[in-house]
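Chain naming follows the written order as A, B, C, D and E, and within any one chain the residues start at number 1.
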């Protein structure tokens, strides 16, 4: 079995570099390892589509007041440029606390309605090179724009970009909230393969635990359990977020998008149910482990008991005939005829052998009756 | 005990062929193994009844605007015809996302109200040829029509068809919502025999675990537990769906049908309670297993202890008289009279035998007092 | 301990004869073992009281429209007459589905408000001839009538009949809802002795498990636990029903009766709390069992260890002096003076005895220090 | 450790003398062991204070219609006088069912609003003479009167009487609801010392269980757990009662008293949290017990293993040299030189001793490496 | 591993010196160990800032009616001056019960709205000198003032004082509710390092438990679990408090502050989730401990079984050849040729040695096949 590397997001939490307690709120603290941002600007409506790389955020200013029916998607990958982020916050009037959350990439999924725009956080959990990657995607949705900010140059949202480029489906006709839906739904779609991989690992572990209940396998079960707990927590917040969208009539979410969000909500519930199932499986695997261990102990004890029970009485018998009771009193020469007469019988040795064989046969019958000689 | 095959629906989940993440929503992806559809059209009112096989969906168009009091039931079995499904969606104005759910047959029970029509998903769980089959039935209910779509040519809803044919009860007089009730209630009725079979299996396993706590029996308990978890989840969603009907006054559900849905709701609660009971039984069986295993270990240990405790002291005694302390100093010929005088007593051997018998008798009395010689 | 027979209601569930799936709803299916009904008619008001046995349901018709202040109680014991039940349903306008529930005697406690009348189901759980009997009482409450339907000729509601006959308390002055209260309250009063009996059984089992943790006692604990689970479920539904009465102002429940229903609700909560307590006791008993078993194992192991630890070294010592190292080389006659000189010492035997005694004493001291020789 | 007597209230429940099922509601059934009542009448307002013993309930009549600003506190200790109770119920118009609850002293804490007056039940749980006493205090609060009824002559509410006598704080100025608050708050204050004593017992038990995991200590843990369950249930009802006061604007509770009830509510939550903490501690103690037991078993097994592992091989070795292979064929006189030449070597005995010493030393090294010789 | 001292707050609870039951409410009982207060007065608005030490509370009177836009922060550290506290309560019209809570420093986090002012309690939990300190901070927020009262001269809120002094961010412009936010948020920020330290301890314990499952390590796990329970309870109340702020539009909380409180609420949820995760880790560690212990037992049993199983049969064999069956009848001189002829074979000894070697080899093969000789 290969070494599992899927613990990245639980590991990473350990090294969160928090600001010191009592720091001023709303400080954009870009961590040194943050990637240089790549900004792409998509502008589209039912009739037209443009895409280009943006090097300068100045021209974004005009979009805020753009009166055409175009929708602008500012697609940012990499968060390593504080000036750029502050500029965008200034242009679109985004709250500093939210910009802080964008950069501090360990937020729970959430939704904040700020009147002019809405702020979403979604977790991108996906398989990449045998690892589970857990990144953050932040979305600001306005009337005619969507700003998406990802931690890395992660390609998992490329299908949405391609659908937009190819004009497939209704994506170009349906405004910023449908685009936000498409991004969030795609993010959630990536959860399924991750869960399926965990499920495969659990299946392998079950076989392993039955065959050979090692500590290492147990530790792997415990770790998968922890990962599922983290996973469930994320999904639970995701579910709350989607529920919030469905319950409230946010005016930035078009009526048309609502039924799509309901679909995403259904997926979310499915993921939640799978997660719960796998958590129950890990609990069962703990049971399998413990029963496997006590099974092994039972087998060990049975072997010990069978060997001891057969040979200890035999050893006693041969011990009896190893006693040195004298046949003849060395001083008087008197024959002590009650002292171990068997030793002087011509067939004594053979009879003892026969007797011991009978004892062994009886014991074997007893063990077979008890079912101790079969496989457990 | 026969091999259990009831795990089909948990197994099947493994092989769900999902579309790749980020696919356009509302795509009707008909899996290659889907059956060719058989379409039956029932049209009935209080006065008349017609039934025929439909080969062409064209004539459905007129039903949408039919002003008579007739109700049309389009009864589709098999989902393997994408064109047909799209045509029907077009004719009745059904949403693409819902048609996607119809084809993607792993949905949870749910209800969606779309104004002109309502969309229901119900799970058909039933016994068939020693297997548990878990299929999906989708219903679209309109003012004067009901479209039912089943995965296979499953006969479990035939009683409803027959009641309609024979005009039994109020089924012909009561519109599309009563017909939907009849289908959903019949689907739920099939859950009882499945649960009863699981219950019988649990009873057998209890006897087996007490007699002989094998790993295999334990695994069966664990698997039944998992199936009950899946079952409960399905029923729970079913309950939510029915509760939703009872709480809200959907205008497509006739007032007359409401009391029948309440009856179905009661059945649903009963199934839920049975499921919970059986889940508690599986937990008890785990306890039975563990106590059975530790009972076995105790028995093994008792046998070992009894044999060892009886024979180890005896072996010591005979070992004592196997010592070679010299009675006569070989060099000086001096009689060493304190060296093992017992060996030279005429009744030494007999007395040792008597002494050992007494030791054994005392030990047996001790074991009887401790209750180690009884059963269990 | 006598064999417990209290499992009747869990047992009975096994043999529920359900109608086949898909049967027409509202079918009154009288099971063949149902008893022939005895109908008693009580008619009373503040001033008058009449009671008689009713052989014919025809005369009930006039009661529906009776304008006097009299209240009629139609007291039916035994459900084995389909015609009679249908007739009554017809006279009072009762819904077929509810009449189906009356006959299908495995319903959960519930309340249905149908405008003209209310429908109640209550479970009669009581001790009878060392058995727990779990029957169903159905009530239809109208403005001036109460119809009660019991499965059997069970006398547990006789105190209410007697109070009515004797005109004790306010029972004759308080209409149909107070009479319904009196019946339901009396039904619940019978739960206490059942619970107290279970509690006594648990106390006995606790003593038994501590003294001798047998499997049989464990099975009894597990069965009582299951019964408590069923019991709790019933009470929980009962509580919901009473809560429903208290929360809603049903116009068929007189204001005067409400405070009495609140009293019944309090009793219900007390029963629920007792049930929960006893469930916790069963969990503790499982703990007691497991600790009792592992205690036994420890004692067995201690005996084995003490005996082995004492005698194995002694056996080694006597084995040493059973070795046959030659004192004299048989070929050369040379005295091998380093070979086991102890054997030729005049006090060798005694000294070995003393040495072994010292070893035993030291070991006993060790065991006492470890606390292994005391009672566990 | 002294014998714990704190189980009184759980014990007492066993002997509740209920009326037979179906008894008329509202019957005041005074148990024979009830104490003769002592009635004290306090009458006070901001300006005046009177206290006297009341022998006759007749003069209470005028209080009901007293128009002055005086508040009357009828302070009854002992419930053994049915006539008196009925008279009071008559004078103040109290409901029979509530008077039944006053006498039937096993009620849960509750609140009932009856328009003219409110009815409260509070549990008085306190330490008295090494026992936990759990009594009932019933309160009827009217516009200008408070009737308190206690089971016994329990002094735990004396601080309130004294504050009233001394005119401390605002107690004389604040009407009947403040006085009710003072009584209930004082009752709850007595819970803290009871909990602290349980906590001390748990601490002692933890030390005891680590040192010596006896069954008796385990039973004490289980009993404290049960008491905590009862305690929690009581507090939970108390909390509901107080919450009810805070949520609803009962017109008999003065606005001024509300903030004081909120303070009591806070105490109640604190007691609840302490109770929950101690329940978690009992769960941990179960773990400590089980780990302590398995620790003991491990130690026993280690001793057995070490002794057996050292001496069994040695016993084999000395057994080898106890074999009687002949050096000289007795019949032919031939020297059998391959038969056990060691026995005839001059240093054979010493070499065997050295060899066995080496074996022992190697084993001891093995045990030390395994960590079996240290303290576990 | 260093001794952990983090248990201060669980310990301290033990020594709460409560007033005797029934004491008058609203008594300010200053404990003797309370520190002498240091009072600092900050007065600030957008334009100005003043800070000074206050020795006399008289001048506070004028602040209550100050009509300028200045905000006053009365920053009190140390609660050991009853007169001063009563004076402040008098000046600002604070309720006596709340002042009692300020001094009785074991309150749960809470919020009370009193119209003119709001009262908050927050727990300051932080690391200080290898200890976890759990102190109480009380806040009274008025229109233009904030009174903060801390138990000790704890520096953990200094960052807020410095931000105020330096005029960083919006703190001087945002009134009393923003200042209150800043204090509470800083208090919560200190929870993270405490949790991270607990997490590190858990990691160390996991390694320790796997290597060597000592009781001491188990006790540390149990204690960390208890601390996490206390922690969680505190956070839960904190969460309720913040939720209360967000749900209700308290007029003393400015709209501008609300979004900041939402941010604090998010932090609170993160702390709660971390706490839950660590609680799950402690549960896993219990599993690790138990599996580690049973692993050790298994190893011990395996060694015992291997040694016993190898040597017990061998000892039997050598015992056989230690029997003294006579080759020659001492009385008749007859050769008893069936008595142990092996002893007189020239290669008997060697053959027995070969036979025993074969037995050992077969057993070792058996053990290897069972996997008992590998590392478990």
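Basically, a contact is a pair of C-beta atoms (placed from the backbone, for glycine too) under 8 Å apart; a residue touches a chain by one contact, two chains touch by 3 or more.
Computed from a predicted model, the values in this text were never measured in an experiment.
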CA centroids of chain A and chain C: separation to the nearest Å works out as 41
For the pair chain C and chain D, the C-alpha centroid-to-centroid distance in angstrom is 25
Residue numbers in chain A touching two or more further chains are 294, 297, 301, 304, 308, 312, 315, 319, 322-324, 340
Among line, ring, star, complete and other, the chain contact graph is ring
Chains encountered circling from chain A by way of chain B, in order, are A, B, C, D, E
Chain A contacts chain E in the complex at 14, 18, 20-26, 95, 97, 101, 106-108, 110, 112, 212, 214-215, 218-219, 222, 225-226, 229-230, 233, 286, 289-290, 293-294, 296-297, 299-301, 303-304, 307-308, 311-312, 314-315, 318-319, 321-324, 327-328, 335, 340, 342-350, 352
Per the touch rule above, chain A residues touching chain B in the complex are 156-160, 163, 168-169, 171, 185-186, 189-190, 192-193, 199, 210, 259-260, 262-263, 266, 269-270, 273, 277, 280-281, 284, 287-288, 291-292, 294-295, 297-298, 301-302, 304-305, 308-309, 312-313, 315-316, 319-320, 322-326, 329-331, 334, 336-340, 370-372, 376
